[in-house]
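Below you'll find the structures, each written out as structure tokens.
Next come two complexes built around subunit A: one with subunit B, the other with subunit C.
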Partner chain A sequence: MTDSHFCGSPEHRISRRGWLGTTAAAGTALAADMTFLDVLQSPALASELQTRQKRVILLWLAGGASQFETWDPKPGRPTGGPFAKIQTSVPGIEISELMPKMSTRLHQHTSLIRSLNTRIADHGTAYNLMLTGRVGEPGVDFPDMGAVLAHELGQIDSEVPDYVSMYTSTEGRRKGKAGFLGARYNPMFLTDQMTPENIGKLDSISSVDHRDRAALRQLLAKRFSSDRPSPSVASHNTAYERVRGLMASEKLFDIDQEPRSVRNAYGPTQFGEQCLIARRLVEAGVPFVKVARAWWDSHGQNFETHLELCADLDHCMSALLDDLQQRGMLEDTLVITLGEFGRTPNINGSLGRDHFARAWSCSLSGCGIKPGTVYGKTDEDGNTVVDGEIGAGDLFATIFKALGIDYHKEYMLGSRPIPIADFGAKPVEEILA
Partner chain B sequence: MPDPKQLKRTHAWRTPNILFSLTRVPDSERVIVGSSDFQINELDLAVEKPEPIPFVGSGHTSYVTGLALLGDTLVSAAYDGQLLFWSRETREQQKAVAAHQKWIRQLVASPDGQRVYTVADDMLCKAWNVGSGEAIATFTGHELLTPQGYPSMLYAVAVSADGKHLATGDRVGHVAIWDTESFEQIAELETPGMYTWDPKQRRHSTGGIRSLAFSPDGKQLAVGGVGRIGNIDHLDGPARLEIFDWQAGQRLHELENSKRKGLIEKIIWSPAADWILTMGGDHKGFLTFFDLQSGELLHQDGNDGHIHDGVADDACENIYVAAHQRLERWTIANS
Partner chain C sequence: MNLTLARIVPLFFSMWLSIQCVFAGESDRALAEQIDQHVDAQLVAAKVSPVATLGDAAFVRRLFLDLTGRVPTRQEWQDFQQREDANKRLLLVDRLLDSPDFAFQLRNELDMMLLARKTHNDAWREYLLAACRENRSWDQLFQEILLPEYKLPDQPGPAAFIRERVQDLDELTNETSSLLFGVNIACAKCHDHPLVYDWEQQHYFGMAMFFKRTYRTRNGLVAERPEGQMKFTNIIEEEKQAEFMFLTGAKVDEPEGNLSKEELKRIEELVRKAEKDGKAELPPLPEFSPRKEFVALAVDSAEANYFTRNIVNRMWARLMGRGLVHPLDQMHSENAASHPELLDALAADFAQHGFDLKRLIRGIVLSEAYQRSSQWSSEELPPAPELYAVAVPRPLSPWQLSLSLLVASRNPETLPGLDKPDDWEQQRQQFESQANGMARRLEIPDDGFQVSAEEALFFNNSAQVENDYLRDSGNRLVGYLKTIEDPESLIHAAFVTVLTRPPSDQELQAMLQYIRAREDRRVESLQQVVWALLASPEFRFNH
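Let's look at the complex of A and B:
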């Protein structure tokens, strides 16, 4: 059971003992709490971690960002809007002028997909589609991307959360779900504040008492389990360790632990702070972190909205990729930029763009991705996909393959096999490293 | 005297593009419009089916958001940051100036026709010599970022009828008033109700000060925008107008109208300053008149397209409107 949650490749199999040994050898006092994770600011240790396990950060553009104002500009066309396109660091590839920082990083980190045709253009249904990779069906509670990747990339005895989801805005807020994978893979869901609630130690218990109680429980549990080896006893003990780990993970969410220079690099906005928290979490071993930036649903004043939000996205995404790269983590961390759909080619009477799912874009950066590539093409006005059309299932297959996960893998729901990527889904090989 | 209650739309012409800016050729039925196809065209509205006559040159590379006709010289501004100078007679481009680093939002001419003033998202207002095309002065003071750390925008500019004062207004509701000779700021006003930052549901904003206009005597300043928006996915907020005795820093009127919602994009004072006309919209357009004594709504009408710009003739009897895929003429009959 303990081996069932790795991506499969021996080099990425987590050896918790090895990890603990490494840090212990470094002379770090591994206290029972998780404050030791801050030693991961050491580049050497961060590098050690990155060779072992893959991580995912999903930048969720809730409400639906415009492909015209991000990855697939059409300047000069009636649908193109007022923004120019700019040359990226990859000859022949141009993106919107609203993404200047990403334009200089494309060759290093990022691949663009410009040919999503997901057809569904209402928020709720499209959200489910793009976060489960398939159209829902009655009677089956499909897990979302975070739960599946937590299941595939996480470790059963992890002391950090497997799936953290940040969604501050109230519009379009959905918690995410583990579905048939079970509550173990539900997200730690952060909304109004970025520090998890109810994980702190009670003030009435001193730190010494807290540690002593844990030590006593461990002693008794060890004595009990030595005579009674069984999975259920082991699971019981693991649950205690996990709760203790979660209780001590508060500092992971505290960006004041970071040097001022790092915080400045992410900028002053809440999205920037959350991207920094995401980096801290994956660095500490959290396999999946979703940072939702809402709300892009620009039915009115699309251009004003994107002037505001793209500046934030461009800066924070660039800072995140730079930071991951500098720490040697980007090779094993996949950063996905995705929403539930794109925006219409037509510019409406409020200078807005409405929901549009027939020809839109997303980006993948880092782990398993061939940087500086563009897959797919839309017509000159962005109305239809003319080359390389893919759906949500194909995108999921691509994500799984980039992470080294067999996208043909099946979960068993009773006697029914459920493939982790939808039936018939194929990865986009052209953008995979 | 033109009676706002006698407002009537007399003509509407459909256009394939969104019209963002408009200026009128004096003593004629001819107008010049700037649009979303980056082009500038002149139209004679005296004929049944006006044919657009293009201005020719390297042109703009984004939406044309400002036009001013000064004698034979047409000056245009656009989101591409360029200021272009054209001969109206030949309709050929004569000069191009890289005026701003970011979008130029508005352009206004001084009453003597010697200068134009531009405001842009680099948060600068600049004064330009129309004859030479050179910058005379730069007005600084609007913050680059909003309090939440996002880029701000400098949307609106107006000059007083005597040319002595200039007003600029930004996204967060800050107004600066400048002396056009010393180029120094002489007053400032705050209109926080124009800033529509939604801190909880959607975490962005869409409003800001979109229009400014001095009263004919220059003593009052009208500030237009949108009020608190419930759902900022749309322009779902009341059209908002504030009027100040700007020298005293006193707010005289704070007016909102929710029957016809959205941004106030243009403000026109009546010659006698007894009423004021606001134009703009959400997905549709509005023309709304307020009585300046009582602050009461005098009259209101609308059209099918958000109004981006408008001009009146000297007597305020004819109103020319640039809107979403339409050009319109409205008349205000005398009472």
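Let's look at the complex of A and C:
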């Protein structure tokens, strides 16, 4: 018999072996494990193992944050608004005074992109664009960034979730989707509570019975799958086999397990607590976590909105980067700070800024990024990109490359190849380490 | 694969036997026999012998799932088992096709194929149910769906197919083309299809032109404007005027309109108002209706190839686990059918017999090819799936799973099923509404379907599963098992009710041990046994 209820494809067998190798206790155990040596002999697999350790946290600014009040200030211009700019720890780079904590950390972790031109400025379509890296087409259900990265960085039988999605406030609430990658890569979505649905057992069954009952199911499953070599049947068993590990990861969502000092560093806001959960998750091996902070859609009172939201973002993002660095994890963890678009240079009659996708900013920190760099430039009023214009596909290619993933890689959808970064996308080499 | 004489002789024998049956007057298996001739011929050519035919228990389970959309009740299975009629499989097929369950099942399948991935719509589902109950023909359904009535006060059920897509012309065009003609033409929107010579940009825009003027009023009616043209630019930057052009290249010319400019302007204004305001006057329909032309063209005998082959292929794929043309939306010259003559023969039969879905389904399930086992115990890799040498385990659809969970978790003594036909239709109707919630939280399976961890967590830890399927009450399976003293009989009853088979020795021993170790909490242990059966892949798949 082959690997019992695995689908039997050679790929999965290798991935599983690779996984057993990497998790079979660190250090000496690895060298003793012959299967692991096997894996290292193949260059393709060695690089597979390298990307394995990479993690991503997406801080999603739902509704669209203003580039003027964050990474690309234009004080003194008619479009600039009331806030000043401040010098950062990198000579010559200035950001909004609403981001003081990040200004002192720029040289350590972070690169800014000030030249996104993504054209689409309605929430729904832009959300899909910025989370799938392409405009999309009817009839093809593209997976989002989380599902692709879970697929690329995770393991098929992972004991921890590989795509976790959280949000603050209902407006930011979009679950994310695995599209044609299939339900295996669906996000574990935190709805109204801070822990995922159905991750803890019911009180009506004891732990022992819960475990033994699963063994009973397993017995039936084994008999059924042993002579049915079907990947779908195998996925049923994989899903059930993951349950114990996923249930054990319930504690990852419990921030009471963190020392007081760490909790204080992140602060008491929901966004801060979710950033801390995100750190706990990636530390335990979860490859992709999305924390959505809402709601930045400041059609009215843009400046008051940003005064409040930027303070939270600045504090939590800094605390997260500090924490990751202190734990030696930042080298392998990419933190992406991004929304669906930016906001208009024009300040409307309600002191708001509207949707704007022609010249806006985002930031990348940590893994694979050259810290203290700025890429691209907008004109003095922020109306257009004058240097280094890039689109969503290019941003995705940059993210993939930073993580050591070949951005030319293709998924086959039936007979049709679909590159993981959109056709013609190029990474921004200037900000890559 | 090695082919020995011993393996191939029975194959020829079975072919000979099926030919004999035709002469013996069993002409109502004619379609099934045609299927087997084509499938067997390719098996012979590929030197592959198919696996054995399903045993009775597995056959009954598979057939119930496919024709009634649920597992059989214990009594339905035992009733079949006790029959001695040599023809009993054929009799069961006809019985199930005539049962009230068949209409519900076909309705659910059509809904999942045409709309349920987008939205749940009760009026649409009611409409489909009524149509399936009278076995309305596929060409009739097609016309009703694409040309829904234009009148208040009620939103007509069949309008939902267009209404839910009309806000996005690309989506309406491509999904109509994929779902109703088996042709995904999205690639041809921006350029002539790179791999398939059949599909050029003009086809994409030609198809879109038929829907360009379609809009929805605020109160959900589907209507058409009197005007609307499209232009497209090809890769060498030439601008072209789109024509009304079907996939086959057949065109429709628009007659000279007789409305004055002012009149057109007035109607456009009415349309704008009706789109925004449910109380606005309904604009008149134009004399020239591109959608009507489209429907006439699509089912016209000269152009109807795609129309008939698509539905035949989709019905085949649903029952056989893989389309004759695979993937289902890639019906073109570069992607030939695995059995081209068979597809032609089924399509011809379908068209000659009034686009009768029931007849088509009947033909398929009576074939030997349908009735093969899903077990492959050889060390060698299984043969290519397009040979249909071994059945593919198919994940239950959301409706099949949700309904089966309800049926299997009932007290089998109080649920005779079709064996008590008077009460059954009402009971089925009730199950159908109870199944709704669960069905809607499950994913509609696609090619390469994978079970999500979410689903496994839900089965493991949700109160809903415990309340709905494991409750200890008189009309439930757990409540019934509790009344059986002898543990072996009890386990036997649980297996037959949930999996339509007795336990193996190993399973029996494991279950006995499990229950005996929990004598202090007997009911809980029975709940756990039933849970293990319901959460098994054997229950989750049609195999």
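Throughout what follows, the second predicted complex is superposed on the first by the 346 of 433 C-alpha atoms of A that agree within 3 Å, B and C clash if a C-alpha of one lies under 4 Å from a C-alpha of the other, contacts with A are read in each partner's own complex, and residues count from 1 in each chain.
Criterion: a residue touches a chain if its C-beta (ideal position, glycine included) is under 8 Å from a C-beta of that chain, and two chains touch if they have at least 3 such contacts.
Computed from a predicted structure; not experimentally measured.
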{"item": "Contacts of A:Asp227 with subunit B and subunit C, given as first, second, both or neither", "value": "second"}
{"item": "Touching partner for A:Asp212 - first (subunit B), second (subunit C), both, neither", "value": "second"}
{"item": "Touching partner for A:Leu432 - first (subunit B), second (subunit C), both, neither", "value": "neither"}
{"item": "First, second, both or neither for A:Leu351, with subunit B first and subunit C second", "value": "first"}
{"item": "First (subunit B), second (subunit C), both or neither touched by A:Gly414", "value": "second"}
{"item": "Which superposed partner A:Met194 touches (first subunit B, second subunit C, both, neither)", "value": "neither"}
{"item": "Partner chain(s) touched by A:Val262 [first = subunit B, second = subunit C, both, neither]", "value": "neither"}
{"item": "Partner chain in contact with A:Val135 - subunit B first, subunit C second, else both or neither", "value": "neither"}
{"item": "Touching partner for A:Thr305 - first (subunit B), second (subunit C), both, neither", "value": "first"}
{"item": "Greater residue coverage of subunit A in the superposed arrangement, subunit B or subunit C", "value": "C"}
{"item": "Interface residues of subunit A shared between complexes with subunit B and subunit C", "value": "none"}
{"item": "Subunit A residues within the subunit B interface of the complex", "value": "63, 75-76, 78, 82-84, 168-171, 267-270, 293-295, 297-301, 304-305, 307-309, 311-312, 347-352"}
{"item": "Subunit A-facing residues of subunit B, complex", "value": "16-18, 36-38, 61-63, 79-80, 103, 121, 145, 148-151, 153, 200-206, 232-236, 262, 281-284, 304-306, 324"}
{"item": "Of all residues in subunit A, those that touch subunit C in their complex", "value": "137-140, 161, 180, 182-184, 186, 188, 196-202, 204-205, 209-210, 212-214, 216-217, 219-221, 223-225, 227-233, 235-240, 242-243, 246-247, 414-416"}
{"item": "For the subunit C and subunit A complex, residues of the former touching the latter", "value": "168, 170-171, 173-175, 178, 184, 186-187, 189, 195, 327, 329-330, 335, 374-377, 381-382, 392-393, 395, 443, 445-458, 460-463, 466, 504, 506-507, 510-511, 514, 518, 524-525, 528-529, 531-533, 535-538, 540-541, 543"}
